[in-house]
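Got some structures for you, see below.
Here come two complexes built around chain A, the first alongside chain B, the second alongside chain C.
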Partner chain A sequence: MSETFSYLLMAWSDPNLMLLTALGTFAGIYIGAIPGLSVTMAVSILVSFTFAWDVNDALALIVGIFIGGVYGGSRSAILLNIPGAPSSVATAFDGYPLAQQGEAGRAIGLSTVMSVIGGLIGTLVLASAAPVIGDLALRFAPRDYFLVAAIGLLLVGSLSEGSLAKGIFAAALGAVIGLVGMDPVTAQGRFTMGQTELMGGIHYVVLMIGLFGVAEALYQLHNLDSPVVRQKVDKILPSVAMVLKFLPLSIRTSLIGVIVGVLPGVGGDIAALMAYDHAKRTVKNPTQPFGKGAYEGLVAPETANSAAVGGAYVPMLTLGMPGDAVTAVIIGALVVHGLNPGPMLMVENPHIFWFTVGNLALANIFLLVFGLMGIKLFAKIVELPKAILIPLILVLCVVGTYSVNSSMTEVFWMLGFGVLGYVLKIFGFQMGPIILGAILGPLMDTSYRQAMSSVGDNPVELFGELLSSPLSLILTSAMLLILLSNTPLLGWLKGRLRPASSN
Partner chain B sequence: MKKTDTLLVGERTFCVLLLAFSLGIAVLAYQIAGFSSINSAGAFPLGASAVMVLAALSILFDLRGRTRADSNGWLDAARQFTRAHFPPRTLIFTALAIIYLATIHFSFYASTFGFLVLSMLYLRRGRLVSALAIAALLILMIYLMFTLAFSVYLP
Partner chain C sequence: MLKTLFASAALSLSALTLALPAHAEYPERSIQAVIPWGPGGATDNVMRSLTPYVEKELGGKFILNNRPGGTAVIGSSYVMQQRANGYTVLLGAENPQLYKVLKLADFDYSDFYPVNIIGQNVVVIAANADAPFNNMAELLAASKANPDTLRMGSTGAGGLPSTISAMINAVDELKVREVTFGGDGPGITALMGKHIDFMPLSLAAARELVRSGKLKALAVFATEETPELPGVEPITKSLPAIAEYLPWGPFWGAFVHKDTPDDIKQKLVDAYAKAVANPEFQGFLKNFGAQSLNLQGAEAEEFLKRWQSVTTWSMYKAKAIEIAPDSVGIAKP
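== the complex of A and B ==
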């Protein structure tokens, strides 16, 4: 117990870790506030720079950036009506109308407090749920891992913006990219086209920097001339009465955020939209109509997207599966540092888990301090010229990619992935499923082959196990339900059942 | 990107290319181990490529009934696509990036400085002195950050 407590307070008691968390949170708010600079992009690039660091130092900085970045996106959503991050899309619905009414300062102040409440609830759930799920995960058979990964890919494909087919295509493409290289069992080359350079595989940080860094930078070139809108920012601190008034809603939407965050592959963007929808349906008398500056419309997405951060860590630390795109990058960081995210992490390296919990809580406290203190300063940063920012992003992408394996070939690959991502983006494909596919694909391959080996390569026996094991049955049913809900078949079934039940 | 009733210029061609690409991936997956075993090195890649082919077919299928983009033939469509998504700004910036990567082995700092100055000059349509000053400042920051703070290998 005392050991757990010391791990928990590690970031709070070590000045170096504290400083890195503070620095990360501060930088994260800036990065999140700049439209076009996403938290995923920042963490992808940053992870490659921190490979040589001590794991705790690297994690402290990354946690800070993650927490700060998710929150920072609300700044530009409120001030400019341009969400700085996908998780802030819903924040703009009521945040920008509030800014237009001269309430920008109060809106930002309230969103800061609510983000911290959401973040702390998310951290609390992580601390209490992850050990339980971790214990359960120790009983997972390889087939269950396969099913959880498949559910994650299906969820990210179906819940992300755009069509399910596009989401599934992107996830499968990611899986193929993840499988490039030597097969770990037979040492056969897969998708290498005879190139020995490809036998080592394509590092997914390279893919990630290309898709989130270069593709986004190319996309932002279209918005180079968008005019800068300046807002008056004052009346920052929300009153205690105001916070208390929205507390019940914030707790409800935080829980929505955590639950959505826990689902593998789905992150703050979906959580925020679901929470906004919940607020719209349940709040009878909002301060103003939704979409016209209702504070409830600001509170719901801000608490949910922050709570989703803690939730996203749950599958990452217990199952080794990313809760969202950022935790996918963090998995990479842990692996590079010789740690193996998954059920054994909690057994072999409990300090990483408790350190993360303590660090998330600390980052939220820094968020409150920086968020409320530097509002006017942060309002300025969203006006940074893109003509300077975009070339700088490209240089950072180059340095970040090179630092992974000191290979210029990979830097060219990264640029190629960037252009590919840009073209896919034009036609409405999402980048998240590609990354998750690249991470979950090899994991699914391994689990599939282990599951097959365990039944002597007999698919009928494997099918039998899927039905006879309660856990596998639940996971199979969940997967089928998700698949069904995305096809016209469910509507048809409902249509058939309704007249039957009304008769 | 929101789904509209009108096809984007080049969307159908792109989806056909996606299907062709997926079929190519399926061939590569088959070449790993054929259909030798349900548990071979190529089994999961075959499955993943099959999903790609099916998804690409479904994406193509979804295009049915949507209004074609207003264009007069392939050449006009290609011209419209380039104008909308690969305007000179994107092409020149990408070209600058490729030249930057090709010259980086001579000297990281010199090529980065050159890239920053040229791209800022182009994207901001001039302002040489300020571009030089900002690029110099950024180079200094990169040097301090990556050699001192992060200790990473620079190209």
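== the complex of A and C ==
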């Protein structure tokens, strides 16, 4: 017990580790804020860099970058309407309208505090229930992943402002883009037109940078003459009363974040979108309407994507299986450092688990400090003249895209998507559903085919399993419920039932 | 540790300023090393561990660059397109040897120069610890009793599981449902959750799970027991006929463009040979569950040829591929 405690406090008591965690968190915020510079990339560079280091030092730096990077994406989402990472796509929905109202400082302050709350809840769940939820993740059969993807695609209902038809079109477009590349089963090219460069598919980050970064930059050329919004930079910190008011919501969305984060192959990006959807459904009186600058629309995705970090660590530490792309690289780092990630890690090297837990908590504290620092300066970015801001955004987009896979082809794709996104924007299409489709389309494709081949391509058997397995039954009913509440069918049913009951 | 950080930053800075060559001797600038697989994977791990030793032997700096996608087609063809000056190295795995028969690309490793065949992985057939079969013979019996009902985890055409199942089918009959996953990781997760029944895996991926009792190894894909998994029978015990394909395992190697000048080839060959033989790297390979090979020159070419011939012809025999290997210039074993 006392040993556990000492492992837990290791990062808190060693100035060297503390400094590395702080350094990582600080760097992570800025890496995360730049679209395309991803946490995955930063961590994989660090793995070679920290080769000769002590493993604790390397892990401390990595944890910092992870926590900082996931949060950092919200910065550019709020200030520029350009999410720095896919997990902050939902943050832009209400964050950017707030910046447009001169509340950028307040939005960043709130998202910082909420990220920390989400991160701490995620860490707490990791510390207290890791083996239990690790086992829960194992219960998800391919058909359950299919259901999760289907539920995710239904979010299109709350992501499409205005026209649902346009939202569905956008999501379908995203799904088709997501399917480009080598067929995962037969290894044949799909929509590649014989191009080797397309065999690897189109990375959704490339799509995201084009649709959000370039398209937004082009779109802003429309209002070059509009007066700059003066930012109010007093009262950046949310009041205690405000935090308390959002606490119930943030606990619910954090739990969504942890659970989604635990599932391999589904991460903070989907968690944040699901949390946003949850907030939209459950909060009756938001501070402003959703999509127009509701604080709740900021709280939900920010708590969820930070909590998903703790979730992603669960299968990594308990089973040696990655919960997402970043933990996959961390597993690689452990291997390079001569440790054997797997179920025995917790038995043979218990310090890695408790050290990580303590370190995650510490990184969240640093996040609070660094996140709240320099907000005034950051809020001024919105006040920058467009003639400086727009070229700067375009340069960052190109650099960011090239850094994903060092491919010029992807840079051209990104620019193409930028123009496409600009045109779609003019015609009133939303960018969110396209990303949703690009992330979930491939997941749905592979999981459906896995589920079908597991039952020998017999749809009747698959249908039976959807109803007979408890987990699948829960997911199926959740899906039907969301589907019903999204369509006029429910209202129609209610209308039919009411006169019947009054008789 | 911060000291090291600053020191190495300072070092690389001074390296930049001192990069002006006194006499143009290879390497006079940093070498780009392309890893055609994503960060955190087995190939990535091996290469990131090996590279520091190569840098020491060669006296140059490597920039490791992950260019994943399309079963390593993208990264490999990128290296082929670069100039043959020894400044672009491909750090890859076995996959290109199957490109021609899978119609993925029209090249293979015979279009490169093998600097070093670093090592190979041992393959195990793994099942959930609660599975009703305990060895290969019982697995084969179960599949014959109920053909096409057992679920085998796969990673797609040309992946390790489908290659192994083709080899087994070339000498016996193993009729199963192939459930395809995006890689070892998701497949193993499904295996632990009992959503699939068995999966051929590399020892590196399976060892920790077998050791902890979450999975059990039915057989090692070799003619003898492996010291890392004592008590697990070699596959030849239940399937003696498969011996003709053994030894077999997925491998890793370093390659350069075929037309690279000979003196540069030689420098790389020497540096890699010493680096792979380094006791620290050997320790890493052992801990990773892999076998060291350290082959160069004619030996490496011979290894590549035999691997390609054995694999493709067994796949052809099991009807896993339609193209006859000799039609794309692969001789019978």
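Assume the second predicted complex is superposed on the first by the 270 of 503 C-alpha atoms of A that agree within 3 Å, B and C clash if a C-alpha of one lies under 4 Å from a C-alpha of the other, contacts with A are read in each partner's own complex, and residues count from 1 in each chain.
Throughout what follows, contacts are C-beta pairs under 8 Å (C-beta built on N, C-alpha and C of every residue); 3 or more make two chains touch, one makes a residue touch a chain.
The shown structure was predicted, so the numbers you read here are calculated from the model rather than taken from an experiment.
J.: Contacts for A:Pro238 in the overlay, against chain B (first) and chain C (second): which applies, first, second, both or neither?
T.: neither
J.: Between chain B (first) and chain C (second), which, if any, makes contact with A:Thr186: first, second, both or neither?
T.: both
J.: Go through the superposed model and pick first if A:Gly122 touches only chain B, second if only chain C, both, or neither.
T.: Neither: A:Gly122 stays clear of chain B and chain C.
J.: For A:Val335, is the partner it touches chain B (first), chain C (second), both, or none of the two (neither)?
T.: second
J.: A:Ala387 in the overlay: touching chain B, chain C, both, or neither? Say first, second, both or neither.
T.: First partner only.
J.: With the two structures laid over each other on chain A, which partner does A:Leu138 touch: chain B (first), chain C (second), both, or neither?
T.: second
J.: Identify the partner contact of A:Arg449: answer first if only chain B is touched, second if only chain C is, both if each is, neither if none is.
T.: It touches chain B and chain C both.
J.: Which partner does A:Ser406 reach: the first (chain B), the second (chain C), both, or neither?
T.: both
J.: For A:Gly95, using the defined touch cut-off, is the partner it touches chain B, chain C, both, or neither? Pick first, second, both or neither.
T.: Neither partner.
J.: Once the complexes are superposed, what residues of chain A are shared between the chain B interface and the chain C interface?
T.: After superposing on chain A, chain A residues 48-49, 51-53, 183, 185-186, 406, 449, 453 contact both chain B and chain C.
J.: What residues on chain A touch chain B, complex-wise?
T.: 48-53, 161-163, 165-166, 168-169, 172-173, 175-176, 179, 183, 185-186, 188-191, 193, 214, 218, 221-222, 224, 385-388, 390-392, 394-395, 398-399, 402-403, 406, 408, 411-412, 415, 419, 423, 425-428, 441, 444-445, 448-449, 452-453, 457, 459
J.: If we count contacts the way the header does, which residues on chain B are in touch with chain A in the complex?
T.: 1-3, 8, 11, 14-15, 18, 22, 25, 28-29, 32-33, 37-45, 48-49, 51-52, 55-56, 58-59, 62, 85, 89-90, 93-94, 97-98, 100-101, 104-105, 112, 115-116, 119-120, 123-124, 134, 138, 142, 146, 150-155
J.: Quick one: in the complex, what on chain A touches chain C?
T.: 16, 19-20, 23, 40-41, 43-44, 47-49, 51-54, 57, 137-142, 181-187, 196-197, 199-201, 264-265, 315, 319-322, 325, 328-332, 335-336, 338, 340-345, 347, 405-407, 446, 449-450, 453-454, 456
J.: Enumerate the contact residues on chain C facing chain A in the complex.
T.: 1-2, 4, 8, 38-41, 44-45, 48-49, 51-52, 64-71, 73-74, 77, 102, 104-105, 148-149, 151, 156-158, 177-182, 185-186, 188-190, 192-193, 195-196, 207-209, 211-212, 214, 283-284, 287-288
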